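Below are structures written as structure tokens.
What follows is a pair of complexes built around chain A, which joins chain B in one and chain C in the other.
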Partner chain A sequence: MHILNESGAVSARTSVGTRRYIAQRFVQTIIVWFMIITLNFIIFRVMPGDPRQALLGEGIPPELRQAIVERFGLDKSLIEQYFIYLVNLFQGDMGYSFSHFGEPVWKTIFDFRFANTFILMGASMAAAIIIGIVVGVIAAARRDTLIDTGSTVTFLVAYAMPVFWIGLLMLMFFGFQLGIIPLAGTITRGYVHVNFLDYWRDYLWHMTGPWIVLTLSFIGGFYLIMRDSVLDVFTQDYILAARAKGLKERTILFGHAMRNAMLPMVSVVAVNLPYLISGAMITEFVFSWSGLGLLTYHSVLSVDYPVLQGIFLFLASITVFANFLADVLYLYLDPRIRY
Partner chain B sequence: MLIYDTLISYDDDLEMIPWLAEAWTVSADGMSVTFTIREGATWHDGTALTPADVKFTFDHHKAAPADANYWSLLQHTTTITVSGQVVTVVFDEPFTFAVDNLGSMHLLPKHIREGVAADAAVWDDATNVTAHIGSGPFKFVSRTPSEFIQMERNDDWWGPDNPYVGQLPNIESLRIDVVLGQDARILAMRSGEADTERYEVFGAYVNSILNAPELQLVTGVVSQWDYVLGFNTTVAPFDDPDVRDAIALGIDRQELINIGRLGFGTPTNSCIPAEFFPAYFDNDGAFPTQDIDAAIDLLNDTYTDGDEDGFFDDLDFDLWVLSWDDISVATGTGIKLQLAKIGIDCNVKVMDDGPMYEGIYAEPRAFIAYEMSHGYSAVPDHVWWRMHSDNIVDWGDNCYGLSDTAVDTHLDDFVGATPATIAAAARQVQLDCLEHKPFIPLFLSDDTHAMRAEWVNFTTPPGGPFTSFNPRAMVFMYDSGLVTEPPTGVDWVLVIGIGAGALIVGVIVTYLFMKKK
Partner chain C sequence: MAVLEVENLKTYYYLGKESVKAVDGVSFKIEAKETLGLAGESGCGKTTTAYSIMRLLPENGRIVQGTIRLGDEEITALSEEEIRYLRWRKASIIFQYAMNAFNPVLRIGAQIVEVIREKEGVSKEEARATVSDLFDEVGLEPKRQRDYPHEFSGGMLQRAIIAQSLACDPMLVIADEPVTALDVIVQNKILDLLRKLQEKYELAVLFITHDLSVVAENCHNVGIMYAGNLVEVGSAKAVFKHNLHPYTSKLIGAFPSVIGEKKRLQFIPGTPPNLLNPPAGCRFHPRCPYAQDICKEKEPMYREIKQGHYAKCHFAGELSFEVIE
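After this line comes the complex of A and B, so read on.
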């Protein structure tokens, strides 16, 4: 389907140049991704500490040590390990966790931890983005008023406070003293849920604490960028023109200023997308929220290389492809971009 | 030890006691052991537990992949036979701790496990109750990974028939929750959501427990964590036995405990300390107590203080301590202070796990000296691992470079002793450790457990009340019902204080912003 722009020409988004640009970006993305795969392999081999140590404790007979080392292929040369890694990777095999009963890495990551992180981080980021955008626009429109300064100070303070500290305070007051949020976990331990809705009610209740903490910590960034972006847009001629046309302030603000100020937000959101996957290590720890952040933390402590490799690979892949998508999305969102 | 039974267990002195096995014997040559299995025991599904299940367990582990627990030990068995209620295991060489090791294996039901690989995914299936059938005091009910495990009392357990137990567990239902942060765990215990926690309380939190009316602190019990000062005996200055002797004389263990563990520790003066292994300890192998003058005299024979800085020349060294272990780091500081008194300049170097373990255990050993805990099991064969020269392989534990033929022979005698020779063999290895001092035992960290105030009657053997050494703890302990009321409502003074403070700061900052603009 060809989309016509105002002048009646074929839109930039379907032109040959655009297609070539997208193809080039895609090839670049693949190359970067491949480099990441390689780096992901190398980085775990050059960092200090030997994974064999994590597997082998005191009092393990030499033949047992050898058996473990052979089982995980740790006796092979690095080149050999690299090719095994590549072949396995393209077969969807990320290896076996050292510490999770030797289960496949994809299971360790995706069984339930990915969903826990994605839901928590998604909800927190969505709330932070919506609040950040709306308050950011209002603050920009009411520049230098009490609303502007008050919200800037509030969100900066929330942004600057360590999440573990807010988390612990929440556990102390809302969890322990008031008893309105749970102290740990994603579900009530030992409770048998009567149905799916009951499960979700319980799950979301457990998510309240970490959700508030993360939302508070995220808002600041989105708010400041939105506010600055809108302030910048306010200086543009078309805003003046809109005012001259006698449009309502509300229409100018949300119909013209906000829409145009959204462009930088696309990049910011794209850059923040990996958080959806990586999770928030400290918040997940404080609230015992079993997600990928916590898995990363435990894997680092237990030198669980296969799991760490799996997480980092997944994370890097999402980052690379999210940026590619953001670039493509720009073509659609910003008609000024032409190739 | 809760869901699965073992053949033997340990009493409060870590002496072996009958568990599922009513009795055991060791032949005079140490080559064969027998276990007499209790009659009338059943698996959680009601099937009778027989000696054939015990034989199956041994065979199963012997045929398992080479990296399975106990595989190595079982490769040395020649025959495993059943006769009536007696299981006989014959080895191709004597193993001093064969009863301990075989007796510590979790028994598996033949009728469920037979024909299914030991590493099959079904054994880790959280929803499969049949896969988790054991014969222990508690039955598996459900598990949600990373959240909780639910167990209930096994009312058909054989405990009442065992004179060392004599009853069913007082606890009817048991749930193990995953609560990661120490702060959250303390709040969970204070609110009554949890009754106790698995690990000892970190030093910084001891006062939080003592100040919480709903909680009690279980103390006076040694944990399994043994802190030692270890030397690389192949490099200077610790290739000189006099330096090791002098340092042993310069150490005041109780002071180190006060510095490193806030007083919650028990000094140890042997590589097989009486506090953990009373049956094997020999006082002749005890390390000396602090004698600063004697230590200085010893060093004066060889070393001088040419630059007159108060420290002997050529005796300064790096002492590695483990970054995440506050006890290790603080104790390192204590050692530095004590060694300064005998003229040795010790530089405490805080290391992360990876570089520390690699430097200590992997060839070539990069460390000069370290101080951290290893961790005991109920079987004192750790001395073989730590001192025998055959154990110089990657990630071996003989990191000290002690390669002494006589010591090796003594260590082999110790782990291959018969009942008649074990006491003498244990004494000899303690004498060897004292003579060569590849490491200096310092102290056992005490098990400072937090528990709800109303819980009583818990037993406290070495290793702590909640370690796997002691399933009896979970049988005898109970909730007295005398609940200390948790605090109700909010500490409004604190809330208003924090709120008012935040408000004042906010108003001032806002005012300054506005004024500037």
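After this line comes the complex of A and C, so read on.
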């Protein structure tokens, strides 16, 4: 990594250790990931209820039933099923959905639903993180003033309110009464978009509601951690030194205090990433936003085990790799961390 | 004209309605090329005096009275923005714990470049060249400016802090316990370096320490502080050999001497007063072996006893202390 080499002689000595550390963490990550794959297989085999029942329903002739069971390999032993699962997985095959007309799970998740969730979540999280960090820094600098107490109270209230409730209120007021946001979906049904830009305008307009609700509910956590972290940094001698040097307040806040205060933020964001994707389920449901959250909800209702298995695996993978990335990011943010 | 002239400075910290009289009527001046050592126990107001000069007091601290003249500026009356402009241009600080005074996640060079660019408005390359010169001056390899603070040893950090303090060519350098965290060998090297640089740049230095031996070796003049008061000021020789205030005498007596016969160290009975509610009269009277009735009632004047030798004691010049060699 060129970032590590930049710091000259000393880091050049330590960068071998750094590379080895990254390699070690990567191997660990792969092992954990493998365990998750296995666990993911076991969970769906030990859960009560027979997926065959959900797949086939009542009143199907025994011959047909037998044929389907054999086709999905459900008559084989668990060990055999496990190896088939592994082999298929590494070929990018996650099986077929029970409920989406036998569509491949891969397609059910990634065709458009993942993109919908990713865009919505990415936009909400980015907004929440940026607002949380900037307002957090400013509130800490203006501790106990109106700006500080005002933003703390506002974000805490937004954080504490249930998302479905804010969502419903927004739909009722802005959607139904004022008619300035759409009531459901990701695009206007039946409307033929004239071009690509028009499509995006329509898409983003539909995203306004869920985006505001999610951003509001996320800010609180990021804001509080940032504010706390900055207040802690303010007690450090190097902040006094920066003040003694007669630097501008803006330089002190964003040049000296923020980067140190960012360190706890990185872990929080990394740990939160998958929660946020699954946590959007309620919001996606309220706004009928066709993403992974809504898919999870419908899959649970229709006992669509292959899809659930695919979603779980995907979320777990994001968690594991996000944590790996966070550890690597620390190396960049904090030069004291060298291995 | 004196570089720094402090006149009857009073700095209080406010805790609710009560005030802690951390610095209560302190006057001194420092000329160019001169070092004033400010010594005293912990909590006697040394650092508060220094921070008052830089106007770096915490939110609840206020300069309630007195004047501080730095060059031709009277700084107690300046606005926050005006004082920010003067900081580091006119006066800079060498901090005690160099490790904590540098931001751990920024390169040392960048932290010095930052203040040069802020103050002088020069390009990054020019500022880097200045840092290289300064590093050379304080005995560090110029290429080490790309290092982070944790990659330096304690002595190197102290050198870097000194380089930083000289970055904008100040008139006054406040050295707040600059060598307390270092071992004696490194201490000596750093003090030599400071003396050399002071001579070269004609600096006035305010040297804060509780180590009297460092004061004796490095300072032209000495000020002894006790409980927010400056109790004695004079040339180092006068203060150490012919001290006028009982506290000075006791403080010097409490330091071991390497030469001469071994003897028990003296100690000063009692503890420094609580500055929320300091004793009436002379603040040292409850611990003073020479205290009379007048000491309990009337605060002594801070007056010149001999040429350039001041003391704040009713009986200054009349007492004879046990001679300490």
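Just so we're on the same page, the second predicted complex is superposed on the first by the 322 of 339 C-alpha atoms of A that agree within 3 Å, B and C clash if a C-alpha of one lies under 4 Å from a C-alpha of the other, contacts with A are read in each partner's own complex, and residues count from 1 in each chain.
Following the convention adopted for this analysis, contacts are C-beta pairs under 8 Å (C-beta built on N, C-alpha and C of every residue); 3 or more make two chains touch, one makes a residue touch a chain.
Model, not experiment: these values are computed from the prediction.
Once the complexes are laid over each other on chain A, chain B and chain C both fit without any clash. Touch criterion met: A:241 reaches chain C, while chain B stays clear of it. In the superposed model, A:146 lies in contact with chain B only, and not with chain C.
Using C-alpha centres, the superposed arrangement gives chain A a vertex angle toward chain B and chain C of 150 degrees, stated as a multiple of 10. Touch criterion met: A:176 reaches chain B, while chain C stays clear of it. In the superposed model, B is the one of chain B and chain C that contacts more residues of chain A. Of the two partner chains, chain C is the only one touched by A:256; chain B is not. With both structures placed on the common chain, the touch criterion links A:137 to neither chain B nor chain C.
Of the two partner chains placed around the shared chain by superposition, chain B is the only one that A:111 touches, whereas chain C remains out of contact.
The overlay of the two complexes leaves chain B and chain C separated by a minimum Cα distance of 12 Å. Overlap of the chain B and chain C interfaces on chain A comprises no residues. Those residues of chain C that touch chain A in the complex are listed here as 54, 56, 83-89, 92-93, 95, 97, 100-107, 114-115, 118-119, 143, 146-148, 150-151, 164.
Put simply, chain A touches chain B in their complex at residues 47-50, 52-53, 56, 58-65, 67-68, 71, 101-103, 111-113, 144, 146, 149-150, 152-154, 157, 168, 171-173, 175-179, 183-187, 189-190, 285-288, 290, 294, 301, 303. Those residues of chain A whose C-beta lies close enough to touch chain C in the complex are 7-10, 236-238, 240-248, 251, 255-256, 259-260, 333-336.
By the touch criterion stated above, chain B contacts chain A in their complex at residues 65-67, 71-72, 119, 121, 124, 144-148, 150, 175, 177-181, 183-184, 187-188, 190-191, 193, 352-355, 357-358, 361-362, 374-375, 377, 381-382, 385, 391, 393-397, 487, 489-491, 495, 506, 509-510, 513-514, 517.
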